[in-house]
C-alpha cells in the first residue's frame, strides 16, 4: 500500500467482454417463427441491460473468424457480471452461439504520476511511510483522487462506429522486465507513452482495464473510433515508444462495428447493422 | 533429504480442482422432470461430500468462458480424490458438463525458514549431515513441525464469497533460474515475498498447494476474499516483489463466486446463487 | 505524425483473407439437386463480388490440411468487408464450409525512404518539426505521395496461377528488437531487403498489407506467380537478408491455385479448377 | 558409433503409452447387455496381452481431465506395438474412449559412465578409435554390457499402486544447451543426478525410455510407488540437481492408480479399482 | 541468385504428406458391403497412383495418436499434388478419415559445397559476379548439376519397412541464428553434419525436402529403414553435431510401417499389414 515502488490504481466499471461465433447454419435451419421468438427475447434482454448508473452492454460485430458478435458488459460489481453472463447463457439465441473467448477486468486508471506526488507530499508533511498517520493520509488522498476521476472510472461508453479490443501484458523477460525497473524509470516511460496517445485525442477514445488476478493477460484495451485506420496508425506509432517497444506484449485483436441492440434482427439476417445515430 | 539446498515441505489435504462448462442448451432441452432428477442426485452427492475430517468439496461459479462451475475436492489421499472424480463423472448432470481443466495437488507449507533453522540446530548439536543420527533427529524435528502446523495442512475452507485459483511455476530460464539460486538467496526472496502477503491479512486467505510430480504447473494458489478487487491489488503488488518479478510464471486465472451445494438448483436455472451464510 | 522515428505508411484496399475447409462428406451426402442450388447461389454471389473500383474477391484452392478454399476480399472499407463476410456466411454452401482462419488488413506501402526525404526537405525549408506549418506541409506532401502511388494502393489483382499467403511480424525480442532500432538503421535494412525482392521482378508480384491493430500478426504478404518454386527461392534468399535473418517472424503459409468463380462447380466436384485465361 | 562425445545407449522393451478419456455419458447410455459384452471383450483382450517374454500391458486410472484410463504396452518390437494399438482400436469399448495422447519409446539405459570406461580401456589396449579393430572390440564390449543388464532392459513391471508418467527433454537453449556440453561435463552431471535418485531406492522405481526419433519429447519417465507423495518429493529434490535445474524440460504429468485387467468392470462402473494383490 | 551467401538448391519431386486418423467406430458401424465398396474404391485409386515417372503414393501406418495412416504423394508439380489431394478427399473412405496434419514440400538437394566451388571457378575465369556472363555461366553450371543429380531429385522410393517423418527448422534465435552466420561457417557445419549421416549409409535412407514458402517448417525429413532403432541412434548421434546441437529445431515425429495399397483391406480390419516383398 505504502510501497512507493507500486503505483496506485483506481478502479471503476467491472467489465466482461464476450466474443461469440454465430452457428449460422443452425440458425438459418430454424423456422422463421423460432428465429423471431429468439430474436425478440434477445433484443428485449439486451435492451434491458442499458440501465444507466448500473451499467450497460455494448454490442459489436466482429470481423474475421474469431467471432461474429462481441458483447461488452459494464457493471458495478462481479455479481452483476455473473448475472449478465448467466442471463445471456439462458437466451434461446445462446443455443446458436459459441463462445470463442471472454475477458474479465475492471476499468483502471494507473496513478503513476499521482502516487509519486502523494508520496512526496506526505513525506514533506513529515509523515513516516510506515506510520498509520501516513496510511490514513494516503487513503484520504486516494479517496479524493477517486472523486476527482469518478467520471473516467464510470465513464459513458465513448462514441465511435468501430471498436478495437485487445489484451496486453508488460513484459517479464529474463533481461527486459518491467516489474524489475525502478519506479522512476517506469514513471518516465509511462509519461512518454501517454504523449503518443494524446496526439490522437479527438480521433480515438481509449479505455484501459486491469485484469491482474482476474484473467490471463494483465490489461485489456478498448479503442473507439469512427475510422478504423486510426487504430492502425495509433498502435503502430506507439509500437516505437520505448515503453511499448521494449515492454509491451500484445494478445489477439478483435475489431468490429458497434450497433444498437434493436438492430440485432438485421445482423441476424446477415446484413451489416447500421451505426448508432449520434 | 538432508540436502540443505532443498527446503523441506509439509503436505496436507490432497486437492483436485475441476472446472466445468455447462452445456446450457442441452440442459435446457431436458424435460423439467429430467432436470429435477439430475439436480436432486447432484445436490445429494455434493452435499454428502462434506465429511469433516475426511474432507469436503467446494463449489464456485466461474466468470467467463473458461467454465461455469468449479469444484475443489479436499481429501485425505489420492484414492479418495479418484473416487470423488469418478463419482462426479457418474452423475446424470455430468452428461451436460464439459471438463475444461483440472488441477491435482497437495496443500503444502514450504519450510524455507524452518529447514535452515533445523539444519543449524542439528549442526550445533554436532551431528554430521550424512549420519543416521542426523537423519533421525531431522525426521523427529519435521514430525514436530507437522504436529505444530497440522491445522494449516488440514485447514477448514476459508470464508469468502469470491475464490481466485491459478497455477504457477518458479522460472527456470536460461539466465534467471530459481532452481539454480543458492538456498540463502531463495530464503531471502521468500521472506520478502511473505511480507507483501501479510499486509493483506484479514482481507484475503491464501492456500498454496504443491503439484510437482502431479500436474503441469509446480504450484496452485487459491485465494478467498469477500471483495474480488483484493485479488487484483494483492497480485499486482506482489508482481513487484523480487521473488515474483524475476521468478514467478503464472498460469490461467479462474475467478468465481462460492456457493453451497443446496443452491445448485438456483445456479442451474441461470441465477447467481446466493453466498453461504456466515 | 511528425515523429521522424516512425515511418509513414499509405493505405489502400481493405483485405479480408478467409481460409475454409470443405466438409466433403457432408457435401457429397447432399442430393445432386441441393448441390446444384448451392453451387448456383455461390457462383452468382462470388461473381457479383467483382465490382471494379469497389473491389473484388479472389478464389484459390489451398494445398494441405489448412484449408481447401481461400477467398481474398478486396474492398474500399471495413463496412464492405463486413458485408462480404456476412454474405458469404449466408450462402447455402457455407453450411458445408469450416472457417480455419482469416486475416484482416489494409494494403500498405511503407514510406521509409520517403518519410526521411520529406522530413529533410521540410527542415531545409526551415520549418520547425513541432509547428503547425510543418504538420500542414507534411500532410500536403503525403497527399501528393498518395496520388502518386494510388495505382499501387488500389492495385488490380496481379496475374499468376499460384498464390502464397503468409502473415509476419518484425521481431520484438529481448536483445533483437526492430522497434528499438534507430530509424536510420531500419531504413538501411529495408533498402537492402528491397533489393532482394527486385531481383525477382517479373517472376513474382508481392502485395504487402498492414494488420497492426486489426489482426494478430503485423503484416500479411501475398505472392502471385506462375511457378510455385519461385516462392521457395525468393523467401529462402530473403531469409539471409539482415532484415529478415534478424527481425522477421513468419506465421503459417497458405499456398494454392487461383481460379475464376465460374469454375467453382468443377472444384466442388473434386477436380482441380483450370487457370484463369490470360 | 566410436564418437566419444556420444554416450552409448542400450535398448529393451518397446513402449507405447496410451491415455484415454472415457465418454461416460455414451457409455452409461448403452444397455446393460451391451456394456457387458463390451467389458467381457475388453477384459479378455487386455488379459491376453500379459504374455511373459513377449511383453504385457499395464492398466492405470488417470487423475484429472487428461484422461481416465492409461495403458502401457511393453512389447519386443514396433510391429507388436502396432498390433496392440490396432487391436485396442477394434474393441467395442474403444468406441467410447477418446485418445488424449500417446507416447512411443524404447526402454533405455544410458551408458555415460560405461562408454567412457570402454573408450579408455580400448585406448589402453592401443586401438586407434577409427580402426575396425576398435569398432569390433567396442561392439563386443557393448554386447557384453547388453547381456549384463538384460534384466533391466526387459524388466518386470515394478510393483507400486501409483504410477506417474511424464516426458522430458534436455534443454537446447541459446546459452544453456545440453548437447553442446563436453562429454566429461555431461558425465559429471549425470553422476550427481543419479545420486539423488538412489536416495529414493526402495520407495520408488524409475523406468526411463528413449523417444528420440519416435516421439515429440526425448525421453519418457515412469515412476512406480505405493505413496504418491514420493513422486513429489523425488521430483522436487531432483529439480535442484544441476542437471535438472539447468537442463531438464518437463512435459505433462499423468498420475494414476494401477489395477489388474480383471478389475476393469469395476472401474467402468465408476468405482476405484482395487490394487493388484502383492 | 549470384549472392554467394545463399547456397543454391536443386528441386525434384513435389511432396505432400497426409496424416489421417481412422474413425474406427464409424468405420466398423458400416455394413460389410459398404465397407467392401469403400475399400475396393480406395485400393483402386491408391494403386493407380503408382505411375512411374509421374510419381507415386506411399502408404504407412502411424504409431500412436497422431494418426493411423500416412500417405506420401510424390508428383511432378503442385497441380498434380492438388489433384491427388482432391481425389483422396472424394473417396468414400475419406468420410471416415480425419486429417490430422499435412506437409507440402519439394525434394531438395542443398548445394553448399557446389555453390562455393562454382563461385570460385567463375571468379577464376575472371567473370564479375554482377555481370550477365556470370549469371549465364552460373545457370549453365547449375543445369549441369541438375542433370548429374537427377536420379536423387526424382528418386525411387527407398526400401525399408519403417518410415520416420519429421519437419525441422534452422534456428533463428536472438543469439544463435543460422541465417546470420557467414556462408563459410555454414558450409563447415553442413560438412560435419553430413559425416554423421554417412556413417549410417546402408542402414537408413534419408530424403530431405524443402518447405520454405510452402509450409510452416523449413524442411521435411523422411527416413526409411528396416529397424526403427536406427532412427533413434542416428538422430541421437546427430543431436551432438554442432549444426544440430546449436541450430536444429525439430517438429513432431511420425513413425510407421510401410505397406502396399493392396494390403489396405487387411489394415482396415485392424491387422498389421505385411511388408512390401523385396
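For clarity, chains are labelled A, B, C, D and E in written order, and residue numbers in each chain start from 1.
Assume a contact is a pair of C-beta atoms (placed from the backbone, for glycine too) under 8 Å apart; a residue touches a chain by one contact, two chains touch by 3 or more.
Keep in mind it's a predicted model, so treat the numbers as computed, not measured.
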Shared interface partners, meaning chains that touch chain A and chain E: C
Angle of the C-alpha superposing rotation, chain C to chain D, to the nearest 5 degrees: 145
Centroid spacing, where centroids are CA-atom means, of chain B and chain C in whole angstrom: 48
Distance between chain centroids, defined by C-alpha means - chain A, chain C (Å): 29
Multi-chain contact sites of chain A, meaning residues that touch two or more partners: 174-175
Cyclic chain order - from chain A, heading first toward chain C: A, C, E, D, B
Residue ranges of chain E in contact with chain C within the complex: 1, 3, 5-6, 9, 11, 16, 18, 78-79, 81-83, 85-87, 89-90, 94-95, 99-104, 106, 172, 174-175, 177, 179-180, 210, 212-216
Chain E to chain D touching residues, read off their complex: 22, 24-25, 28, 61, 63-66, 68, 162, 164, 173-176, 199, 223, 228-229, 231-237, 239-240, 242, 244-246, 252-253, 255-257, 267, 270-272
